[in-house]
Amino acid sequence: MASVSILVVLDLVGIFVFAISGALVAVRKELDLFGVLVLAGTTGLGGGFLRDVLIDATPPAALADWRYLMVPIAAGLVTFWYHPTLGRMEPYVNVFDAFGLSLFCVTGAIKAMDYGLGPAPAALMGMVTGIGGGMARDILAGRVPVIFRGELYATPALAGAAVAATIHQYDGPLWAAATAGGLLCLTWRLMAIRLTWTAPMASGPASA
Amino acid sequence: MASVSILVVLDLVGIFVFAISGALVAVRKELDLFGVLVLAGTTGLGGGFLRDVLIDATPPAALADWRYLMVPIAAGLVTFWYHPTLGRMEPYVNVFDAFGLSLFCVTGAIKAMDYGLGPAPAALMGMVTGIGGGMARDILAGRVPVIFRGELYATPALAGAAVAATIHQYDGPLWAAATAGGLLCLTWRLMAIRLTWTAPMASGPASA
Amino acid sequence: MASVSILVVLDLVGIFVFAISGALVAVRKELDLFGVLVLAGTTGLGGGFLRDVLIDATPPAALADWRYLMVPIAAGLVTFWYHPTLGRMEPYVNVFDAFGLSLFCVTGAIKAMDYGLGPAPAALMGMVTGIGGGMARDILAGRVPVIFRGELYATPALAGAAVAATIHQYDGPLWAAATAGGLLCLTWRLMAIRLTWTAPMASGPASA
C-alpha cells in the first residue's frame, strides 16, 4: 500500500472522478461546504466501504491509508470553488466516471474472491463497489438513485465484474481478468452514453 | 447449508415474498428493470445483511450460497413481467409477507444469540431481520418507511423475537422457540391486517 | 462495562439527548409510536454503530449492554408523551446536544485509535460518531441531513476529534485528550448556536 503502484494511482483517479460527481450534486442541491465534502467522500469511497463491510475486510483500506481520504477532500474543494467550470465539463466527467466504474467493478470482484467469496457473489460485490457510492450520494441528497431511472450503468458494471471473476476463478492471470472485465464494462458504458441506450421499464399501467 | 432442509426452504420462501413486495414498489415508482431487481434484492435480503453486519457474521450467508441471490432475482423478474396480476393479488401477498416476517424475526433472534448476544439485543436483531429489508426498500424508493406510518408491523416482530429469544435463553428446544415466537408474530400481524389495528400516534399539536 | 463509571454515565446522557432530538423529528413528521422509538434509537446509537461496523468492533457495545438500549427507548417514550413541552425547551435541548456531540467525537476518535486506526482516519471516525446518528435520523425521516444545510455542526466535531486523536497519538493522558478535544468542540458549537455562524456555501449559479 505504501508504494505508488499503477493500481493505486488508477484507484485514486477513480475515487477523484466519483468524488467530483458527488460534489457537483451537492452544489446543485445548495448544500454547504461540509455537505459538499461529505457527498464527495461518500461517492468516492462509499462503494468500497460497503463491499469491505460485507466481505469482512474491515477496517476499509481507505481508513488505513491517508491518501484515500485526501483525494475526495481535494475533489470536494476543487468542485466547491470551480463548480461552474466543472459543470460545463460534465460530458468529460461522464467519460472519466466510466473509467472509474470499469476499474472499481473489476477490483471489487477480485478483492471479494480473495476474501473467500465465490464468483457469483463476487461479481455482485464488484457491481456494488462500482455503483454503491453513487447510490449513497443520491440517498443523502434526497433523491431516488439515478441508476434506477433508466440509465444503463449497473449492468455494464455487473457484466465486467462477472467476466473478471470468471477468469480469476479459473486461475487466469490478474491482468487478463482486469483487462477483459474492465474493457467490457468501459465499452458498454461509453456506448450507452453515446447512443443513449436505456434500461427496460415495466410495461402496462402500474397498479395503484 | 448445502442440503435442502425445511428451514432453508422456508427462508427462501420468505425472501421470495419480501422481494416481490420490493419489486412492486419499484414498478409503481416507475424504476427500470435494474431498479426493480435491486429493490427486490434489498427487500428480500436487506434485513439479514444488516443483522449479519451488526453481529459480525460477515460475509452474510446470502453471499456464500448462490440460491439466496437467485431467489430475489427470480422474484424481481416475475414482478417485472406480471406486476398487474401481482398487484391485484396484494391481499394474498400481505398474508405471505406476514409468514416471512414471523419466520425472519424468530430465526434472526436465534442466530444473534448463537453469535453471543444476550436475549434483549437478540430480540432487537430479530425485529431488525424482519423489518430491515422493507425499511431499506422505502429509503431507496424515496419515501419514509411505511412501518413508521401507523401500520402495526414491527411490534409483532419484536414480540415474536422476544418470545423465541427467551425460550432459547432457558435452553428450551429450538422448535418450541421458533413455533411459539413465530405463531405469536403471525397471529398478531394477521389480526392487525384483518382488523386494521394501527399503532398509536403522539397526541396534541406537533410544535414546529 | 458493568460498573457505573463516570464515562458510561456521560455516554448514556449523550445518547439520551440525541435520542430526544430524533424522537422530536419523528413526532413532527407524524410518525407512529414505533417510528418515534426507531428514530430515537437511530439518532442516539447510529453514530456509534456506524463507527463500530467500520472499525470492526462488532457487535457494537450497545448490543452487549442492555442499558444502551433502554436509554433511547426511555427518551422516545418521554418525547412521545411530553413532546409539546420538549419542543418548547428546544434551545436547552440544543445545548445538551452540543455536550453529546463533544463527548461522542472525542470517545469515537480514541476508540478508533485503540482499534488500530491512525490519527487522521480516527478523527474522521470521531466526527462520524458525533454526526452519524443525526444523519441516519434525517434519511429515515425523508429529508436531506440538516447538517448539510449551513449549520455549523460537523466542523467542531471534526476539530475536537482531531485534537483528541493528536494528543492520544503522542501518548498524552486520556483525560487531557478528552478534555482538550471536548472543550474545543463544545465551545465552537455553542458559539455557532449563539452567534448563528453558518458554513460557507458555493458561490455563483449552480449549473443545471
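Which chain is which? They are A, B and C, in the order written, and residues in each are numbered from 1.
Here is the rule we use: contacts are C-beta pairs under 8 Å (C-beta built on N, C-alpha and C of every residue); 3 or more make two chains touch, one makes a residue touch a chain.
Given the structure is predicted, the values throughout are model-derived calculations rather than measurements.
> Call it same or different for chain A and chain B: same when shared residue numbers make up over half of all numbers used at their interface.
Copies use mostly different positions to touch.
> Rotation angle for the CA superposition of chain B on chain C, to the nearest 5°?
Rounded to 5 degrees, the superposing rotation is 120 degrees.
> Round to the nearest whole Å and give the separation of the Cα centres of chain A and chain B.
29
> If I count partner chains per residue in chain A, which residues reach a count of at least 2?
53, 56, 139, 142
> Going by the contact rule set out above, which residues of chain B touch chain A in the complex?
Within the complex, chain B touches chain A at residues 26-36, 38-39, 49, 53, 56, 58-60, 62-64, 66, 69, 80-81, 83-84, 87-88, 139-142.
> Once bound in the complex, which stretches of chain A touch chain B?
53-56, 115-118, 120-121, 124-125, 135, 139, 142-145, 147-150, 153-155, 198-202, 204-208
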